[in-house]
Amino acid sequence: MYLADLFAAGLAIGCVYSLVALGFAMIIRATGIIHFAQGELLMLGSMSALSTLWLMPRLPAMLVLVCGMLASGVLAVAMEFLVYRPLRLRRVPLMNVITATVGMSILCINAARIVWGSEPLRYPELFSTSTYRFFGVVVSPQLVWIMVFGVVLMGLLQLFLKRTRTGLVMQAVAQDAEVAQLMGANLTRMMIYTFAIAGMMAGAAGVMFGSLFFSFFEMGFVLGIKGFVAATLGGLGSLAGAMLGGILFGLIETFSAVYVSSAYKDAIGMVLLIAILLFLPSGLVGLWKARS
Amino acid sequence: MESALLRRIITGVVLAALFLLPVFEPHQFVLHMLSLVAISATVALGLQLLLGFSGQLSIGQAAFYGIGAYASGLLSTKLGLPFPLAFLAAGLIAALTSLLMVPITRLTGAYLAVATLGFSILVYLVLKNEEWLTGGSFGLMGIPRASFFGYVLAKPAHAYLLCVSVAALVYLSLLRLERSRFGRAINAIRQNEDAARACGVKVTLLKSQCFVIAAFVAGLGGSLYAHQVRYLAPTDFTFWKSVEILIMVVIGGMGSLFGAVLGAAVVVLLPEALREVGDYRMLVFGAILMGVMLFGESGLAGFLGQCLKPFSKR
Amino acid sequence: MPEAFLETVALSRRFGGLLAVDAVDFQVESGAIHGLIGPNGAGKTTLLNLIAGALSVTRGTLRFRGTDITRWHAARRAHAGIRRTFQNLKLFAEMTALENASLGLHAGTRSGIFAALARTPGQRREEREIAQAALRALEFVGLAAQAHVAAAKLPYGYRRLLEIARAMVAQPALLLLDEPAAGLNQTEAVNLSGLIRRIREQGTTIVLVEHHMDVVMTVCDTVTVLNYGRKLAQGTPAEIQRSPEVIEAYLGSAHALA
């Protein structure tokens, strides 16, 4: 069934967007900045994982994912430590911080181009080639695994934030940094954790996307924006919104590409973004909160 | 001496030097590069009004630059419109398109930035996909040189003088705006929007006007670009071009018109000067962008201002 | 009965579950200096913000010189002659005192983009007039010597004065002052009282929110007392001081009215 294929594809890419969106949401909640370089964390995770795979071709899929996540996590922390923290300490105006994240984005993209070249890079087959059958419907294993990994990661994140002490402290800091500090929260460490997790989510997304399509130095740019669209659709600053927005946007985009126009596939996201910013700035979560 | 007088003298000297340059018969490549600097300066000046004065971070100026370029190119190739008309039409069409952005001016900070980014991508996609109009990825070829009433500006020196004249005109116009009631009002919006409103400033209206002016100016720059390089491709007007324009304003110094010109010169000329570093150009720019944000936003213009401080009194 | 200069009818403002201003009726006469006092959280600044247009009204009506201005936004009210200062100073930090004051004249002047570009004689004359009026306003509040100093560099007391200068430079019909004496010492407060009276002599009606009781009692003709968002009492300072409800509302506060 063709529709099932589209649905599965939409869900899979939706998981990718959700992970990126989660990173945006976490960083915005903790610092208020829109992290323009989020997409680059995805890209760097994707490329690093690929390099690892080149070095060790027998590495199982799970470990490739972990490698990508680690690489992005480390890079995210480096960004925070070397650039964002000094900016925060100097109480630089928001405009400047945003511009700095744009600069970081440019730096990462061009560094990647120098290291990995400008040609798109293929991921070798990460998952078994046989297909799965769900209720009589044939689904590609890639898509299934991506959805599984995606959901598991998001579930783990929720568990971490709601059940562990560190996670709760992170949430407290995100809500009110000053008060959390008065209660003994170590702001510096929480910031590092926030960026590390946002980076890891992006890295995972990068590996998933790479295994579905391919990796190239500019992949983070459009995916980053789409992740942002997803986060905005769900409701900027809300983690649940980010996850919901990602899945929803993945589905919308996949179906629109087929039924509306494929040349303007990326345009769908842009139009949706502008529409949301103008008409529904608090996103779907905001809408749901207003209703209840 | 009075700092205002000092400023006037320097501006006069610089302008005189720029206009007299062709007398020394520099190599035509130098004139071509300086023409590109003037064109970029024109666009950067518009962004300075938008960002440095009214505080609106737009990373979508390349959209208007591209619209102006293609409009001028198409009007002169397909409809045979003479350059002066195509030039003005380019600015007007870009300005009209910017009216689409008026609802977006309600947004602030990063949300505005992302919205302008989205708009820029949309325009790029249209330029790339609508082959029947723009030639798509194949580009638009055979754009004639600028000409006035039949006199074609075939000599690089003449094209150079045209570009510098436009840039100077835009610079002086924006200078006048800066020192006027309008200029005070938009600076007020940037510094404290609530207080501006309490003074009766119609914030949304003025913000939109800034967008339109910046788009108009970018469109004019686009037209000059089209008739200078005479071939357009959509890849000339991607998001990265918007970023480049932002870098010009940032490096030159936020809020300084002179800075925007300096920034344009640096961004256009530096890669040529560092030919061997070619591949690393954007890498360096990314680092510079972050560095300037860390160490102060007064950029090159601020730095020069500090150097000249001993010579001026307030 | 002549229409009140400024009048609110059952004016209310709700924030989620909290009714910050609860069906307040009060009137101000033309040429009066009217105080708005009450314990912390009484809704004074909220009420002032409603009059200024910085906050929208949840319910009720606001009338200025007989016109219903309830739905007017802030900039439109400024054009109609209502100006205000802010409790936590909203100056244009990078601009000089003179430039800050010049912005107070934005509403009454007209030169736009084209006039500025063409530097018409009208525009140039208007600019001269703006500069002159702004300087006069600075002289009026005593800041003439600081005309070319950036607002951010001025000491606190001067910044408060500049905020007032910007608000009164256009000789507004109604001036709203939000805690103008906050943070001022005794001498500065006395000077402020004098300044407020001089502004009234120019023909401006004044409504001020204030905690500094000395200023309120010496300068105000009439006073409205708010408590928990509701109007508790209205009258002359002497009447308010004697009112048992008002005294009870302030019981326990360090600033006893007696």
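Points worth noting:
Labels for the chains are A, B and C, by order of writing; each one numbers its residues from 1.
What we mean here is this: contacts are C-beta pairs under 8 Å (C-beta built on N, C-alpha and C of every residue); 3 or more make two chains touch, one makes a residue touch a chain.
Model, not experiment: these values are computed from the prediction.
When every chain is represented by the mean of its C-alpha atoms, the one lying closest to the mean of all protein C-alpha atoms is B. Most remote from chain B, judged by the distance between CA-atom centroids, is C. Chain centres here are Cα averages; for chain A and chain B they lie 34 Å apart. The distance from the centre of chain A to the centre of chain C, each centre being the mean of the chain's C-alpha atoms, comes to 49 Å. With centres defined as mean CA coordinates, chain C is found 42 Å away from chain B. Residue ranges on chain A touching chain B, taken from their complex, read 33-34, 83, 86-87, 90, 92-100, 102-111, 113-114, 221, 225, 228, 232, 263-264, 266-267, 269-271, 273-274, 277-278, 281.
Every residue of chain B that touches chain A in the complex is listed here, in rising order: 55, 57, 59, 103-104, 106-107, 109-111, 113-115, 117-119, 121-122, 125, 129, 239, 243, 246, 250, 279-280, 282-283, 285-290, 293-294, 297. Chain B contributes residues 173, 176-177, 180-185, 187-188, 191-192, 194-203, 209, 213, 314 to its touches with chain C in the complex.
Residue ranges of chain C in contact with chain B, taken from their complex: 52, 54, 73-75, 78-79, 83-84, 86, 90-95, 99, 102-104, 106-109, 111-113, 115-117, 119, 123, 126-127, 130, 148, 166-167.
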